[in-house]
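All remarks here apply to the structure that follows.
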């Protein structure tokens, strides 16, 4: 039995994936069910017990406004993760389209699109966020637009590389020879052959996007003061780092743990679809 | 039916893109009904390029290719679809020619769907199973992926797929080079049988003289993108005029 | 080969111009009137009343009312001649200030990258040749963990431990080597994951190639075949990743430089954002883009030098 | 056929661990190759011929399990530890790989890659090594010498790369060379060229060679003895003339009749894949002379002094 479980879950290829799943389940629990259990209002101030160290009652202690840090971290979770998933979703959608069009069309279209992508990649994300948030005003929806506006170029570049490798394959001219229309080739030949890699790229980017969102808020460009956004909380706790370090440390740990589990998931999926890891017997 | 008129295909390369290499240099020939034309030459002489030009997978740099008098370059979508249906190609590496993520169930039914040869799913199933028996392929292949079957079986499936379209012309681009001798014999036997039964025109590209001699009636010898000699099988093998052809034929007889 | 490089240079220039144009538009979208900003910074105090006619005089002085494209045209014209405009806040030429800041950012960035590179490449190589050993799994978990830490939070934690609690290292300021340690470590941690991952995957792919079996069949020991044949083939993708990381140094350290008050371009950019100093922002953005393009170009050249297939193109035989 | 054989194998079999099962690639091979002679293993893809070549030089991936004994000049090399075996590989036992296109290091010049063997096993002298390499290239008929030595693999045609690998295998004057499919993927003219050059090389150096191929023409022009392999087993063994002119095993007959010059008479069915192997004689599903005996029993192949030309078939 032990061998069964060990090989099924922790075999060489599946270990990262399994740990990733376990962490994600924990996060999902805290994010979805958490707010119902720790349902104190994350923004209500309670000056009576400011800066209490972590205790049985306040697991992560309280911040300078007396609010329970643990509750704020929980309610901040669905904010950060929600933003990140939205950004990855929108960014990936645009990126995949641009990547496939550039790879499939080639020639002038490819050159132009790739120059635009390079412009976006060499443009500091902070500035773009500033401009977008500056004109449209702060707030999570605008934060999503600000992040997605930069992230799509990252996906486009990687999807184009994958598409080109499919375009150079032997089965592509064959698909044209049998008479497939361009659309059918894209959806039946290119997409299925790159989707594996794309999922890995997308999952691996959720972590960094969470961190990018937090950095934006840290710099005061994303979510605004009362909201329990992790970046904001870390910035808020900066002044009290000497006497109440937990205000800064706690949301940081939450961000790290969330990013860590998504990265594990991404690497795990990568291992699963990686052809090299499948044992082969070259019998010739 | 299919005619090449002074077709040239050249590539730019070298330091500043000045160096021109001519893969196909001013080739003209035509293929009539039920003909068996062999394109014979060493590897790298441009014979495969001619095959890809005919399939419109490559665009000619000069000259034109005409099918029933119509230049394939200016064909409308519907004309092009008809051209694709009538002119099909068998590739060299059978296992690499199929979509690795697509099971054979879908790969095999693809031609039927594209040209909607079957009015209803039952009819589609009938056509497919008919062809499967004719080619001696087991039903359990449906759930297999290209990497999971042998070269011989893959080539059989490729030929079967093409045959469903009942094409007028089949271009075979070195279909048996990558296969073992015994499997090669099976595929060539199968191809010959299919050709004769449906009187399909064949353009057979190869570097193997014996195979060409067995499959074709007329042969064109190609060297560095140019047709150096053209004639019936016997002329070429017994009375080669061009000295390159003589060298090629003698090197076989040694 | 030359054709390849020239093409890359032309594309690079196009991208830089593209970036400068995009940033011009983006900055003009940002809230606030340029004239007001100039007034508040240079002539009068922050809270004094701003009179409309002062705003008009400043507007004509800097000809801020012209259509956007014209403004961009004149900016570009001057930029090529070396005049990147004058900072609203410091009233100094933009490029002069940037030049002053570049060495700081580079020293921080290059040292951080150097250490990250020196750590992650050997580990990557070792792990690729000893796949699925304990070291492989442990190093993967650690790199994934390093990749999940937000740089600003890491900076604060390091400050908390090393400055606040242990008083070993100063939080901000310049001067001795001890000042560099914390910002350097923060940057380095961010760079290790990508380099190590690319080294590991590139090396393990090379180990699977047929020519490694040929090397083994020649009687080379495991170590010899790795050094003589595998290493050189692993380099191109690793160098490309290195180029990407170096390219991001100029732009990436905005946060770290802000927290540690490190007078680099990142801090300059952040300050110019806060004080809405548009010419300075424009200058920083273009500098960062140039840095990115130059490092991409260097990568292309180095890769071509290593890989004859790119250098020599088609075969002669 | 004199004296102690250079290479002798006893009941050599190879299995690959795949997932939790194992795939039998080679079963109890008993061959001996004498000094200065060429044994040709003739077989189609999936017959395990390359596996045999690899097992002599221990080039298998780590999921391979090798059973049985291999003797080199009387010494049992399968008993040696990897450390003890290392000096043999490359110096005494050489190997010419199958896929020329991917078996050369793309970033190093072909001259350097061939010099490396000479400098490792003969003498670490740059000049002498390069001279030896150029001689070998000339012997193998490569053009544009000596500049060609500084070219890179991607600049060479398939045939030329194949000959570079042959040069690499022979540059340390090994006692025994395994040559794996030297003509795969080459066109008729280049194939003739490679065969001629290998034959010339083998005669001048009197090297003992194991030649692995699916091409009967190669066997005909280079081999002294031929072992026909099918589904991991040797089904017929004997001298070249006996096997090619009067084949005993139905599969060998089928192979010869399938040749283009003999009119393309194909063998029906497909060669079995390693996972679903037929019981009894492995060829019985495709064999025209198959009887109940063939399906139940598994015919043996016994090579003895008296009986040189043998086949693994009840009706041979």
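Annotations for the structure displayed:
The chains carry the letters A, B, C and D, assigned in the order they are written, with residues numbered from 1 in each.
Going forward, a residue touches a chain if its C-beta (ideal position, glycine included) is under 8 Å from a C-beta of that chain, and two chains touch if they have at least 3 such contacts.
Just so it is clear, the structure is predicted and the values come from calculations on it, not from any experiment.
More C-beta pairs touch across one of C-D and A-C than the other; that pair is A-C. The chain with its C-alpha centre at the largest distance from the centre of chain A is D.
Mean C-alpha position of chain C lies 54 Å from that of chain D.
With centres taken as mean Cα positions, chain C sits 52 Å from chain B.
Put simply, the C-alpha centre of chain A and that of chain C have 21 angstrom between them. Measuring from the averaged C-alpha position of chain B to that of chain D gives a distance of 33 Å.
The multi-chain contact residues of chain B, meaning those touching 2 or more other chains, do not exist; every residue touches at most one other chain. Counting partner chains per residue, chain A has no residue touching two or more of them.
Multi-chain contact residues of chain D (touching two or more other chains): 45-46, 157.
Across the interface of their complex, chain C is touched by residues 12, 15-16, 111, 115-116, 118-119, 121-124, 126-128, 130-131, 134-135, 207-208, 211, 214-215, 218-219, 231, 234, 238, 241-242, 245, 248-249, 251-252, 255-260, 263-264, 267, 276 of chain A.
Contacts from chain C toward chain A in the complex involve residues 11, 14-15, 18-19, 22-23, 26-27, 29-31, 132, 137, 140, 144-145, 147-153, 156-157, 159-160, 164, 204-205, 208, 247, 251, 254-255, 258, 269-270, 273, 281, 284-285, 288-289, 292-293. On the side of chain B, the complex with chain A involves touching residues 52, 55, 57, 81, 84-85, 88-89, 91, 93, 96-102, 110-111, 114-115, 161. Note for the complex: chain A touches chain B at residues 169-171, 173-181, 184, 188-189, 192-193. Those residues of chain C that touch chain D in the complex are listed here as 209-211, 213-221, 228-229, 232-233, 306-309, 312, 315-317.
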